[in-house]
Amino acid sequence: LCPPGVLPLCCRPPAWDRATRPPPSPLQPPGIPCRSFSNNKIQVELDGSSGVAMMKLKSPPVNSLSLELLTEFSISLEKLENDRSCRGVVITSAVPKIFSSGLDITEMCGKSTEHYGEFWRAVQELWLRLYSSSMVTVAAINGSSPAGGCLIALSCDYRIMAENPKFSIGLNEAQLGIVAPFWFKDTFVNVVGHRTAERSLQLGSLHPAPEAHKLGLVDELVPEEKLMEKAAAVMAQWLALPDHARQLTKTMMRKAVLDRLVAHREEDIKNFVTFISKESIQKSLRMYMEMLKKKKS
Amino acid sequence: LCPPGVLPLCCRPPAWDRATRPPPSPLQPPGIPCRSFSNNKIQVELDGSSGVAMMKLKSPPVNSLSLELLTEFSISLEKLENDRSCRGVVITSAVPKIFSSGLDITEMCGKSTEHYGEFWRAVQELWLRLYSSSMVTVAAINGSSPAGGCLIALSCDYRIMAENPKFSIGLNEAQLGIVAPFWFKDTFVNVVGHRTAERSLQLGSLHPAPEAHKLGLVDELVPEEKLMEKAAAVMAQWLALPDHARQLTKTMMRKAVLDRLVAHREEDIKNFVTFISKESIQKSLRMYMEMLKKKKS
Amino acid sequence: LCPPGVLPLCCRPPAWDRATRPPPSPLQPPGIPCRSFSNNKIQVELDGSSGVAMMKLKSPPVNSLSLELLTEFSISLEKLENDRSCRGVVITSAVPKIFSSGLDITEMCGKSTEHYGEFWRAVQELWLRLYSSSMVTVAAINGSSPAGGCLIALSCDYRIMAENPKFSIGLNEAQLGIVAPFWFKDTFVNVVGHRTAERSLQLGSLHPAPEAHKLGLVDELVPEEKLMEKAAAVMAQWLALPDHARQLTKTMMRKAVLDRLVAHREEDIKNFVTFISKESIQKSLRMYMEMLKKKKS
């Protein structure tokens, strides 16, 4: 299935071979089914008995996707991916009312072009890892989830959202005067179809949870207090399938879209850096940040 | 985003740069916010204060898309596109009960191959301009809209239809024994998805307004007397977005389908001319016209 | 429309030219409008007056798609395709409660690689013929229809299913530890869209009839005793269209997906043979067959 040349992620030594690997080594100390590791901004807890990891974004006040958080996210995913005992991951937020506010604007404003490039590569890296993950990925969306936050949810295998009309989700980049990159768009189209994506992206819509459900942007709504219970139940359903077949199927469904970024990755970084460096765009972003500050105070 | 080589429309000097252009020159006479121009078959009125143009098809009895009307339509769009003060256009009909009956069959029957070629190029030109327009385009569908009339509606950003079950809309070419070209199909699939398009195109279905709404062929139904009011409200919502970002997003969504015709334009003309010149097809069209005449009398 | 080189099916001497052929020869004996032929596992009855053939799978206990049945199916389709008086075919089952249980696992288990290759070519052949058929194809799904049975239904122009929640349908390959090939997936995506296909394929879901209808996997549900009546009515609606235009439209909608298999046919066979020959897969299939045997007894 791989195009010629070495591809970083979607064509890595197939993670799905883990399915036929032996179970976790008996040398592993028994009675300690739960391992956890924590970075500055991400908490991970892996339940060795179920094979399910809980990954919590914890970067108050709004889980902005800073370079640091993005890097920790990618590293955490990689660790889990390489852990034989981990088969699924639930992604959620440790911050009340917000899943993630999306890309950290301060990383895109008043910095060097080198910084912009490094930042964008980290955004790509996270998406490439998450969208191609061989693990079952479930988003437990316990708060609002605009822009990059929405992308994270869209990249999972299943999306459950708290049934709270105050929580909204969407790719609202156009509202900020910027444009969602093509691979955000491709991911969105794969979930909601072309027409819904076209309209929502052009209007930069943030959809309240009930509307998001109606559009197919999220798969299910549950009362907030039932979110984790539901995520566990969904995970169990997906893990009932043989890993190998499920993973090959996932690859088949997502490969075309993953390959498109892989093939144009450097070009995409260059485009982003050029675009974001424009004085008109910088001005828009400064104004937006001013507005946010005023709103806060 | 542009492929190599100069492309006519979808890659023109980016119209979205108008967004960062200065507002209309102060030399422009104040107090005259409304300009209008009129051709034989199209009336255009531009409200300089809102930036919204109203474009009305006025070619009784059924707004057939003749070579003349198509040409006027393309010229009018170009004028508005080049007018700094125009940001959106509402397309509707000045003829009661009919939005547009589609391509004028008399242009396709008993004429020279040169004429068929010229006619088809004009159909392509209108679609290329409308589907790639940098303006917000809203179809206010105040009557039936078969075939080419449906294509015009499908090419807009938003479709509002009068809530009248007697009005129907669809790509019914198959009913006439002809085939919708691939770019009609691509535009249709982008709006309603593959399955709905496949079934509707094979059956040549004309969907009554309520069904068209259910299928996603139109976005909204309103009582006929509220149509213009609703179109203005929708337009205001879309114009609230920064032009630049909205336009880049629109291009991203539509470019693949636009490029496909651009790349095969001459071939598509040749195919059309060959197909329409066949005696069997000419006979079908003559029979259809006879039927229409009898129906009228 | 044809790519260079001779293609087997979707680019055969266009079957749609039959539309302009003369009606059945008057030399044909009058008063015998009904012809039938029967193979071991398929019964075909053609009603010469309506131009509609009824094709019944009759391979108890579950209409497994064995090499023999697949071959008879392809030959029957070809016969009808070449019969001027046949314009449409209804596909259904002569076995109670089951439409078809899908590919015959005994053909994929414990056989030679040559056999696997021959078997897979027969599966491809059936799909290429059915999905590209110039006839109107209606699936009258009068029982459960997993895996390859579902593919047959998906390849028709219209799907009517008995309104019985005990009957289910879906591409459940993942449940068996195997993976639906890309052209099963492409056919599925064309019917239900990318997201529904992604979720359903990864979970290997078998959808009860009401759910299948909600997802768009089948077009209509009717009480079981009305199934044939409804199929006839739907067929009449589709046959009301001129064949030529309908067939060209169908080709336009399906060609991309057909061409993809045609271009990769030998590679696809090789992939299948390699995959199915793996000891781990053979073991899965043996276990599955054991389970089925136990269930039976």
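Here the chain labels run A, B and C in written order, and each chain numbers its own residues starting at 1.
The definition used in the following text is that a residue touches a chain if its C-beta (ideal position, glycine included) is under 8 Å from a C-beta of that chain, and two chains touch if they have at least 3 such contacts.
As the structure is a computational prediction, the values presented were derived from the model and not from experiment.
Chemist: Could you draw the chains as nodes, link the ones that touch, and say if you get a line, ring, star, complete or other?
Modeler: Graph shape here is complete: every pair of chains touches.
Chemist: Between subunit A and subunit B, how many degrees of rotation does a Cα superposition need? Round to steps of 5.
Modeler: 120
Chemist: Centre to centre, by mean C-alpha position, how many angstrom separate subunit A and subunit C?
Modeler: Roughly 38 Å, centre to centre.
Chemist: Could you pull out the residues of subunit C that touch at least 2 other chains?
Modeler: Correct list: 193.
Chemist: Once bound in the complex, which stretches of subunit A touch subunit C?
Modeler: So the residues of subunit A touching subunit C come out as 20, 157-158, 189-193, 216, 219, 237-238, 241-242, 244-246, 248-250, 252-254.
Chemist: If you look only at subunit B, which of its residues touch subunit C in the complex?
Modeler: On the subunit B side, the touching residues are 173-180, 182, 185, 193-195, 197-199, 201-204, 280, 284.
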